[in-house]
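The next block holds one structure in the form of structure tokens; read it before the comments.
When the chains are written out, they are named A, B, C, D, E, F and G in that same order, and each has its own residue count from 1.
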Amino acid sequence: MAFSMLFILPVIGIVLSLIFVKVDFLKNLINLTIFGALVYFNILLLNSVGETFKLPFAFLGQSLTFRVTYLALYFSLMINGISFLTAIFSWRFMRERENSSLYYVWWLTKTLGMFGVIFSGDFLTFFLSWELMSWGTYFVMVQRGGAAAKASYKYLVYAISSAMVLLAGIVILYASFGTFSFAELSKAYSNISTGMLILTLVLFIGSFSVESAVFPLHSWLPDAYSETFSPMSSYLSSISTRLGTYGIILFLFVIAGVSVIDRLQIIGAINFRYVIGVFAVLTIIVPTFTAVFQDDAKKLVMWSGIGQGGYVLLGIVSGSALGIGGGMFHMMSMLTFESVILLSIAAVEYRTGTTNMNKLGGLIKKQPVAFIGLLAGIIALAGIPPMNGFVSKWFIYRSLILSGYPFLAIGAMIGTLATILAVYKLIHNIFLGQLREEYNGVKEVPFDMQLPIWILIIIVWGSAVFPGITFSLIAKIQSSLGLTPVPYSLNGIATSAGDLDMLVVSIVFVAGLVVAYMVYLLGHRRKHVIQYDNYAAGHFLNKDIPYNYNAHFYAGMEHIFEPYRKKIIARSEKSLAALTGTIGDYLRHIYTGNVSTYAYYIVAAFVIGAIVLGGVF
Amino acid sequence: MSNLITIENIVYLASFGLILIGLFIVFSDKNLVKLVIGLDIAETGVNILLVSTGYIQGKTAPIFSRTGLKASQMVDPVPQALVLTAIVIGFGVTALALALVVRLYQKTGTLDVSEIRGLKW
Amino acid sequence: MRRFFSLILIIGFGFYLVTVIGRIPFAATGEAKGSVGVQIVNDTVNDTGAANAVTSVVVLYRGFDTLGEVTVLFLAALGMSLLLKGTEEVKARVFDESFILKTGSYLLFPFIVLFGLYIIVHGHLTPGGGFPGGVVIATAFFIIVMTSEMVRLRENLVSILESLAGLTFIALGIAGLLGTKNSFLANFMGKGVFNTILSAGIIPFIYAAIGIKVGSELTGAVGSMFLSPFGKQEEAGE
Amino acid sequence: MVNPILLIIIPLATAFFIPLLAIVWKNGSRYLALLAALANVLIGIKLLPYVLEKPIHVTIAGFKAPIGIDLLAGPLGIVFSLIISITGFLVLIYSIGYIRDESINKYYTLFLLLLTGSTGMVLTNDIFNLFVFFEILCISSYILVAYNRDEHGLEAAIKYLVLGSVGSLLFLIAIAIIYLKLGTLNMADISDKFDALGGSYRMMVVVLILSGLGVEAAIFPLNSWLPDAHSSAPSSISALLSGFVIEVALIVVMKLVYSVFHAMQVLNALAVVGVITLLVGEFAAFRQENIKRVLAYSSIGQVGLILLALSINSKAGISAAVLQIINHTASKSILFLVSGYFILKTGSYRYSDYSGIAKRMPVSSLLFVLAALSLIGVPPFLGFFSKLQIVMAAAARGSTFYVSLVSLVLLGTIVEGAYFLRIAQVLYFGRQQDTDSGWLETGNAAGIDMESVGNAPVSAVIPVLLLGIVVVFGFLFLTNLNGVTGSIAGEITRALSLASLF
Amino acid sequence: MEIAGQVLVLIGAIFLFLGSLGIIRMPDVFNRLQAGTKATTLGALSLIIGVGLMNTAFLWKAIVLVVFVVLTNPISSSTIARASYKMKVPMFKGTIKKMEESFLEEEEK
Amino acid sequence: MRKVKGFILLWLFTMIAWVLGTGTFRIDELVTGLVLSFGVVVLFASFTSLYRDIKITPKSIVLMPVYLIVFLWEMIKSNIDVALRVINPAMPIKPGVVQLKTRLHSPLAKLILANSITLTPGTLTMDVKDDSLFIHWIDVEAENIEEATRKVGWKFERILKEIIQ
Amino acid sequence: MIITISLILIGIAVFLSFLRLLIGPTVSDRLLAADTLTTITAASIVLVAFVLGRLIYMDVAIVYAVIGFVGVVTVARYLEGGI
């Protein structure tokens, strides 16, 4: 019942949204109700772990199967929670937006696909759902048109490629083992040949790396996610990418198993997981440094979000209980802080109409809730106590060091440095500094839009203080996957490897903050002046002179780094497209337009066929 | 040497010769009309091959026009029917081809196949 | 260069023709292979009542091919009329009549048509039949069209004849389908006296239809080649 | 029970009748042709259950095979007759609004003869009769390609004609060898006798037939006429040519290879050729700017895929191939029919000029995109299932050879997705300019006034919608469809035998 | 009858031969036509009637064929001659042209 | 009346041709022939105009075979003439193009005249235009119209004008 | 005997006409050679029909004569620009 509702409700939502496509109020109400109901049924489903379901019809002689696992529930809770909050925020934000009539339709389609992916019990169901999810993502993003269309097209090409690689992997597994079922495949995997193991690893991990935006397959993400409607940007960046991670977890731990994968020793301690770890670190460093130079708030968050995905992956491939636990926890952290950051930015956009940081500034007084939301988010993002990002990163660093991967840990820390630079730019350019003249009339967003931000702030902080709530589920997932569960207590962990009591850390940190604020209050007060009460190069400014010291925020740094930012990926994408074009060009030159030549081909085909097949007969 | 000059060798020589000459024209001649003629020549070669499949040495046309003619004296009528069909079809195609060529010539002013390449790639 | 490559390919293709087909002896082995044609020659008189075995093959044994064949002609005529209709060059043509040719062809015309009909209706008895007969009839029109500016043909008449003949062919076929043999084109009429004009059941009738169809199709094709549209010319007679 | 020969006779008789009708009713041919196609649809539907049980054997002129010509209406014959007549019927509806010049009677006559030729090809059981219907099909295609009498149409038609004639030459030589060596033309009889033929003769016959019929089946490199012909013909005709003409030729040639010549030795080579055809088609399509050439090259790609599937030498493969044919017929017809009105309304063949046309022609554009998605193989459209079945059938053979081919198929799909979605985006979101920021919502380089672009007429939308139903909801009937395609696969893989016919 | 037929056949063959000799030997198209037409017409006539006399079953059709040949041969020759004249095919040197008017329009002007 | 005459004459001629062609008087063939030739004559009635000019009088009926004999004789003469010229190594020829005049009006008569001239000694009709015949003469004997007309055409024309109006 | 001689004479006639067909020199020459050939061929078909004793071949000769006539006349008209 609860399980089928997860699928029935979105379908109902899609149908009703299509019927009431012109009635905004009803549409919003229906969808909010549905997302709320989904949360409810999702919680009910916690009692059904281990159950399996089958669709009443089969095709290709295969039945479509589903199963409820802790892993799936962890993901579905994240999906439904964030959906509900995003839906609340969307209520007002999406009103009378152009090109948004099918907003909920595509969103629910994607949701349906995501449910299918996480609950599927076989690769056929998985693939079908995967496709539904990818196309849902595409339509969600593309519907806004304009630059979103271009960005989504890039996503789509990546997504189709990834789906085809995935399909190849699935088909190869089917050809070898004659089954799509996860359960049967995982049994069969223990005695797979090394060649097949490498092939399937490359195909599956490669395919999922696209969706989870692992370097160097990440370049589609920032534009695609940021060009769409802002609530959707928030939603996508907080959860969509993690479905790729789900695929990686599924393949590494459910299908193949760590012990099988670790048979692939490359040199000494460097095994296949280490290789993925290297990519994870690159995913942290390269995009995060790119984030520093973004001028658009959403793009900046997207770039740094890619880096956060790298932390998740790094934790998961570390192989230790701590690391996997940290990786899983970081998914939840990301979910909330990415969302709270982007919803706060969306709140700013709702009032100012832009996300271009060069055009913003000094909004702290005008939109304090958005400021607090963003602040909470970036603290978490930067991995600073007392927010949940700190907890997950602490686990990940610790596991890397304990497992003997110091280089990976160092790489990850370099990433953190860049993250701090990036998020400082974000908060400074939007909320601090001088208020621009045109934003004098800006007000805080209404309460219904504040609500999700407040809830998320609480979660970002609460889940850090009481990580045990989250870890209780993660430990169950780890046991169900045959891994060592992470040792946890309500407010931290206690192991021989060292312990962490978040309650203590939080209290200390909050106390520190209070002291700092008091120092600030006692100190020199700035003088607030209007934008044009200013001068540059001896001239007073007016509206005609576009002067803004937010622009080129890290100009000096950009100058230093510019030669190294070779945009290799953008270039290789271009050359790949060009290569396809060139191949097409060469191939179509076969068709010379000369009919004599064509006639020649026919008889030549006969002669060649006769030569080739003459030996066969 | 003498066993080389048999009916089938003569027929094959004529047939293959026409097919190959016709195809050679199709491959190498630039004039569209000649190309169509080349096709026709090759078709004639094939028709010779086809009609000869029914030939039986020393036998006559399969028409019982007077009493005394026996079936065993007659050649196979089927290939004649086939070749009649093939000829008529070939005729139709050739006529149509020429009509197309005429029309195309009116439009493009050329019969050179290497110039009639408005469509390629 | 093109010639060189063509020659290479021709040699390659010729090699297969000569070494594979060229080895098949056929002149003396017709019966040995038990071809269907040999069976047909043996049975045709009993089966069809036609003296001309080729005709019985064309009209009955492989009558379905023949239906397709007249369809191809129909198509070709249609295509030519579609393609050539109203082309500038044709409109601009000025006829320089030749008295001898014109009068001669008018003189011969009825006889050639009659001869065509003769060939058609004797198709089951003598070599010939619908196709050569039709060609002969079309020939008669062809000379007329060629000699004179005054084309006394109307496209409508040609296409009506063409359609009627085609439909007759099919109708005779369907009659066979409705008859006792329940087979398309089955000979549902009596065989008559062997070797006379009214023998061989439906064969002469089908051949008549074929002849008229071929004749009118070729005439139509000729018409579109030389002078079109026919309809614009004046009526026959005075 | 209805005699399957009517499937051939009805359109033929109607074609003969049209000139008569035209005298009394100038535009009556439109409706008469519709009626004929509808009759064929109904007969096909009526016959289908029977032939799924047991093939119907039809003698002509009362002579038993191999003496006379005969038809074999098995699952293949009837299902393809249905594909032909249904597509024909829908395109005829489309033609009501689309073909409006003074030669419409000729158009409909040719149209019906095209249907006659293709139906004859799938039903006949006699190899020379196959040649005759093949010619009817080809010649009517040649003329229809040139129907508009524009320079491109004429050029494409003459090329198509020359290449088709070279193909039929090879085909006829094969028939001559068969008659010389076996003395029979009946396919079942040939099947019975073929194995006894010497190796070199068998090879010669099979390769001649492949390279002869292969021209019409658009197998690389015999397909050079296709992009020109399919893109220059009136769009309604392009829909037929891509929709079933090449498929009919392909399925017939494979039927010959399997059940008449038992030439399984060629299958691996054909599979490779299929993949080459696919890649050539997809990559070349990627480079096209003319929408109809994109679609034409895409057809080459699809033919390659179908050929690969047919060459897998398993029932699953053939069954999947037939499903893919059904999908391609429906999808490609939609694409051509819709692009016909894009071209008509904007006056441009360049798809980049259709910037934001979806706002003007919403239903057509939507169906265009859906059909494209189905061709790419996106679930839940029919194309996904057919492509998946093909891939699975190939993988089920379990050899590296087939797995490599499958990978190439998937590579082709990526390219296919890239160019189709590029068009879809132009329809909905405008044209991409060179600069990163510049996206045009409406308007275009060619200066077409999008405001003046109106919706396509109902006669164009109805058939497209009906075809859309097949593409979009086809998966609901997947079990039934697989039942039918499976029995076709059974028929193709079973050797014909004269003894079993009676 | 039989012998008469044989004689006629032989005469026919001889004239056919002479006609072809004429078209080889004569100096220009018009003179070749003169020789060719007359000899082959009579040759064919004689030969065909000869066959008809040798086998009377052939006679009736032979008459039809002969009438046809006698009617058409001069027509085709005239047509060729006219065409050749119009095309200005070179005439044997010293050919006289003695016409008050001409059948060619351009010559009249 | 003249129309009917032309009609009946053509039917008669076609029927004669039919009987000769089939070579039999069997009733089925005769009936077929009658029907078909009637059909031809009716369908292509405009072609009967050529035959209206044939005179049906006792004199003309007698003169018809006479014309045939004259013609045959001239043809044999012409062939001997040709044979001699062809065989003769010296080839004595004096070719020329000459115009003749005819008083015949009927197209049929002019055609027969032209054909007869072609098949008779040394002459070849090239074209007929109104009342002029243009002939190629292998050995020009007369260069003015009247003399040439008399020498070449008169022997036929005088009989023809009695047979055909 | 007579027949044999006749056939030989006809053979020579065919050869000579072919010679004219090949050497031309003008198109008219080739055409008149073709014209002569059709007459000769029609006559020889009659002779062959007699030799084989098959009356039915007479029809072939007539058809041949008709088609030959039309063919020659057509080419002639074409050459003079009449069609």
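Structure notes:
In the analysis below, a residue touches a chain if its C-beta (ideal position, glycine included) is under 8 Å from a C-beta of that chain, and two chains touch if they have at least 3 such contacts.
Remember, it's a predicted structure, so these values are computed and weren't measured experimentally.
Common neighbours of chain C and chain E under the contact definition above: F, G.
Touching chain A and chain F at once are the following chains: C.
Note on interfaces A-B and C-F: more C-beta pairs are in contact across C-F. Centroids built from CA atoms put chain F at 40 Å from chain B.
Chain D and chain E have CA centres that are 58 Å apart. One simple way to say how far apart two chains are is to compare their mean CA positions; for chain B and chain C this gives 17 Å. Averaged C-alpha coordinates put the centre of chain B at 29 Å from the centre of chain D. With touch defined as above, residues shared between interfaces to two or more other chains in chain G number as follows: 55-56, 59, 62, 66, 73, 77, 80-82. Residue numbers of chain C whose C-beta contacts span two or more other chains: 2, 5-6, 9, 13, 16-17, 21, 24, 26, 35-38, 40, 61-62, 65, 68-69, 72, 75-76, 79, 83, 96, 98, 100-101, 104, 107, 111, 115, 122, 125-127. The set of chain D residues touching two or more other chains comprises 128, 132, 135, 139, 142-143, 146, 149, 154, 158-159, 162, 166, 173, 176, 179-180, 185, 200, 203-204, 227, 284, 287.
Those residues of chain C that touch chain A in the complex are listed here as 2, 5-6, 9, 12-13, 16. On chain C, the positions that touch chain F within their shared complex are 98-100, 103-104, 106-107, 109-111, 113-115, 117-118, 121-122, 152, 196-198, 236-238. Looking at the complex, you find that chain B touches chain G at residues 60-61, 63, 65. Residues 158-159, 162-163, 166-167, 170, 199-200, 202-204, 206-208, 210-211, 214-215, 221-222, 224-225, 227, 263, 265-266, 269, 279-280, 283-287, 297, 376, 378-380, 384-385, 388-389, 391-392, 394-398, 403, 406-407, 410-411, 413-415, 417-418, 421-422, 425, 428-430, 432, 437, 439, 441, 475, 478-479, 482 of chain D are the ones that touch chain A when the two sit in their complex.
Against chain B, the residues of chain G that register as touching in their complex are 52, 54-56.
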